[in-house]
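Sending over a structure as structure tokens; questions will come in a sec.
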């Protein structure tokens, strides 16, 4: 494949960033917007060309005997640590990176378009587009990484883009602290990632994904059974690397940044905190999947973390009043779904059937569909916020009459996420649940419950916003549908969400490149999960469609639980306690105190002692000649005496 | 003698001083033009040297040092003015000239006594350049001290805050370090040749002779390492740094944190480790502990400071600790990382101090509690500050990342638990760094404006922009294309690694 | 007696000649003629100095070996001459002041006589000649110290000086008498060297050595024999103080080296190495500790010179040619740096009467050049490169460690740590002049021309003679060519 | 050591000690000067005695003594002159009053 297109895919966004970032101040808004959209449009087209070429061209680089190959379009040395340990910057094409190219550029383009309307009146419009371009560049670089270190590089870059975008409204203290929180939490997670890479690369002496994933057994061998605290070192490495993913993908207990990240502009939430960046953790696990498979403990760990997070986030989502927060927790829950799915895609035959990789395919499938409908939901939420100037559903209600486009697209999104046939979510969720049931009935049952909760809280949101009762404020300020720049992406995404489930995803993405035909297990999985989802929707309909006092009753039934769920089970408070009280208040303060009052004081003490000594001996110079000669004479005598004593 | 390009690195600052001497005290333009011309020439010279050096290396010249020259000075003690550079020194020279250049512009409006300021400034740069070109430990030490003493006056006269106390403290502590260093150097000299051989101060000859016996090496290693370590802000000898930097005028902080602290790292590397490899091998662990503490300790201390300069000074303690830490790992990759870190820290901390100076010049406070929302008022400076911050916390694409990663990966090559524990502790600093950098950025630049008077302030002027842009370009240059630096310095480690492996 | 032996005493003859000329001129000229006394003496002396630098030494022992004028002694004399010349320049205003003008002839005569005594001291190879030299170098100084007749301080200083000086010479003589008991009947250095240390170390010999150290240490102001120093320096006229601080110290240091290395070389490691070890540490430390507190500039310089004496004596610890050369170089650098400082102090005192360090606050605003010169002098005294003081310090440290003995390394370390304390107080002066924000208490004034020349000479010496190794090479070559007496140490 | 030499040395030491003691305890400058003379004479005595008993063959000690006496005389002269000056300016010769310069 020609390397021009891949290079352009990366080069255009970064150029856009530089142009808009440096020259943006001098540019008009319109020009900046057009530049940004055109740039991203071009990138999207190129990415589509590359991805589609990969999937469909049949080129020998991409597919051999029906097996999709990993192909490094280019891979140049960026920094050589040692002779063997070399960091490259490259472009890897394989089923998942091609998939991600499509996802990222699609959503990004939609968001660019949408933002033109949404951000129209915000100061710093040019800067906003610059940051979006930077993010797109970083995210693209991350997914096409040929080696784990390149991934780490771009991993950090997406982190910082996210920081910049969350803190876009930098005059608001809440935005500033949210961005800071996001960055630091993910940085903390990245520390684990980095240490994981350190350990992994020390033994494998390579960063390259292809080299590691093509022969995971060799990786295991290179570790030579090294252990640390009872677990094998490779397990440690993989768990630590996964920690990085936990941070980015907001898994428990590192999820706390994502809800706060909603302080950013809503399109940003759609792009970064719903569709692309937050799935980087999933992508990372998928990327290293073969290596995870050789140390099953780490994959099990992924499973547990995912299952716990999914349930936790779903419960919390039921008790939020900020619509973006609901969506944020829903995102966490859905990503956790993918994690569990990957964790269940365990490369060992179970009861004689080789199900390996079903979970992998399903997880990726869900990543794809989720990106579409979650972006749709966020953009819809953006339209709502645009209309009523509030994030809380208490300021909404009964909006379906005022905002029909938003209403219908939002409903499609909700149906998709709830997993109702024939919307996209149904297919991917079905495959995931199938994979989980194959692993163990418990995972399937547990996650099916989460799916039910998902349906419930999504429709709770839907009804509270669009039904319930009309908000009295509408009389003063009549809400209306968004302008075309915003509505168009909604419609497109709704269309995609409606139909993308029909894609035979197994043909494109499987863990080993061997195409696989999706078939839906109606009896075992699909119908029960549909029933659960419909139950959830029915409950939501009963509770929230018309204004009634049932929700209050439920709330008062066990107010502590409601309060706890509303406050996200106090995770923020715990973190606050640890960071502010313990780290800042105790560790940092005491170190700073120690520095000033012990170390520095010691240095000052040298000076003080010298001064004191100077005053102490001043009596020697008493001014009396007789004292002088006394010193003189006894000085000489003592000198002789001491030497005499020493010699003896 | 003047045919050697390296000599000009010392001659030009001297010319600079002479030129300044001729200027009248009041004619700011004359003073500025002398400074600008000379610092530009220096910058050009260093770039030229770098190109020349690379082309010679590319042509396969594989001497340890290039452009060597040696002129007898104090014959009875065989003291030479010996010069020579390898890849590391070339880079250090470039760093210094960049920072001198930027520093000139950063102190464009210095007052009072601009002439005297620049005279001492030029003397300081003479010392710095001289240090990096020397390969004779006597001249090296001389230039080292030449670089230290102007600090006293520069801080004392043109500084702010508790300047007298800080200037004195800084000077005395650094001189204390150099007292230890001096003793180490004397010991090296008197053991520099086998019995009956011609004693020498020349680094290359000493390393070839390799005649220092192990017991002496241990003592001398401690002395030299502590001596240079004081300048490298090694725990617990770092306390001059916060006070000194906090009170120093902008350009001086830049040059001091940017270049002078690098003298410490460079010296440890060039003298303590290169000439005393056996002791380095045996005693490295002591200093690994100390530098490991520096890294974490500096970062934690920075978290609770409220004065911008204190924050940056403590962050320097942490970052410079990283330099020494990496050097002590005694392998090529880690040492490469150390050099990269020196460059990176030099540039970014210079940028920081320049920006702090500019902000302080406008707001007249450095207390982050009294400022806020400056990004809206002075967007240019705000953006630059953020870039410096990102470089400091190790954002890919800027120099800090490359340096830190090279250090971590290099240090991790030492496969025993002791080293690993410290490496992992050191990696933790990247999180803490993020914490304090973002804390400052959040309080200083973002959020609502704290003080209404700040709304009337202006953004950067052209000379301030020039100073910052120069530094940012270098930071981004290293961050995006690190490998050429890697290749430039790789060769320089061979003799050192050989010396160390020779004794293992 | 062979009178041609006097021919090898060229430096002495030159000084004596100038002395005679000045004396006769002073005696027989009228009031008008006396006006040219200052230029006359200064120019004559300058010519004499140049002659000593240029004319090669005869390098022979005369008077039966009592006196030697080899290259090394010639070099130290040349260095002392430079110092005296600068003193003459900087005292030119003071000697012509109303109070002193009438006695200015005496000033020059006494100075020249003491200088002559110092010449004998450094050239002596017999204790008799040495004692004569020592006494003629120190007794006239008492008269000089008391030169400011109308100032009580001058008298107090003089009485302190003369009393302690006589006491010290008594102690020295007692010490020498004990040495004589061990000497085999001769007071030639070379003869004593043969006998001393032959038998067991006796307490008497140690006392003898301690007394000799005390006697010469008095001139050098080594601790604890230094207590007169500060009071005398403070009370004496500033020109005399500067003379005392450098010239008499320099000559005594050289004589000390010769005596202890040539005479007592055999008992170096048994006895006086450790005595000097203790004395040097005490000298440097106590000098520094006292200097920290001083506010009076002259007193301040006194303690600084006490501490500097410790550094000078480090050269003696090296007991080799390198040590001597480094010591001579140190003396030279000390001469220019200290005289530079004194020149500034002197000028300011004469023009404004201010002597306190606090009066120097903000000096750079009114007298930038004086501040500049003072700063250089202070930096040089503190041992800051690229000024000469740095080189002299380092070279002396290098020479001390040449024997690679642990103890001496530790001594150097202590000395080095003390340089930090000394740097502190030298910087206090710099701080007062440059950093202190107050308005200057000392008004702007024009320095007298001769003093200016003297000051510039000092500044030039400070700036150039570190970077240009000429003086050091000169000392080293001189020492190398006259190392006959260093046979004990195989150098 | 010859016993008879001790007969001279012991007084010499006594003279020295007395001289020092006198220097330290006397208040009058003239008395102090006399004590100093005592010390100097003790040294001279030493020289003479050592010469006579240990090295009877040479005359170094004797000659040295002669010179030392001369020097002592000169010292006394100068000291007296300065004491007179002191007397003129403060009206007495009490050494305890001469300590304006100190510390």
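So that you can tell them apart, the chains are marked A, B, C and D in the order they are listed, and the count of residues begins at 1 in each.
In this section, a contact is a pair of C-beta atoms (placed from the backbone, for glycine too) under 8 Å apart; a residue touches a chain by one contact, two chains touch by 3 or more.
Everything quoted here is computed from the prediction, not taken from an experiment.
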Most centrally placed chain - per-chain CA mean versus overall CA mean: B
Contact-richer chain pair [A-D vs B-C]: B-C
Between chain A and chain D, centroid-to-centroid distance (C-alpha), Å: 96
Computed distance of Cα centres, chain C from chain B, in Å: 42
Interchain centroid distance [CA atoms averaged], chain A/chain B, Å: 37
Centre distance in Å when chain A and chain C are each reduced to the mean of their C-alpha atoms: 77
Shared-contact residues (touching 2 or more other chains) in chain B: 172
Touching two or more other chains - residue numbers and ranges from chain C: 159-160, 163, 167, 171, 230-231, 293, 424
Residue numbers of chain D (touch at least two other chains): 23, 32, 98-103
Touching pairs among all chains present in the structure: A-B, A-C, A-D, B-C, C-D
Chain A-facing residues of chain D, complex: 20, 23-25, 32, 95-96, 98-103
Interfacial residue positions of chain A with respect to chain C in the complex: 607, 610-611, 613-615, 617-618, 620-621, 623, 625, 627-629, 631-637, 639-640, 642-644, 646-647
Chain A to chain D touching residues, read off their complex: 618, 621-626, 629-630, 633
Chain B - residues contacting chain A, complex: 169, 172-173, 235-236, 238-240, 242-243, 297, 300-301, 303-305, 332-333, 373, 375-376, 379, 390, 393-397, 401-402, 405-406, 408-410, 412-413, 415, 423-424, 427-428, 430-431, 434-435, 438-439, 442, 445-448, 482-483, 486
Parts of chain C lying in touch with chain B, wherever the complex brings them together: 322, 325, 364, 379, 384-386, 390-391, 394-395, 397-398, 401-402, 404, 409, 412-413, 416-417, 419-420, 423-424, 427, 430-431, 434-435, 469, 472-473, 476
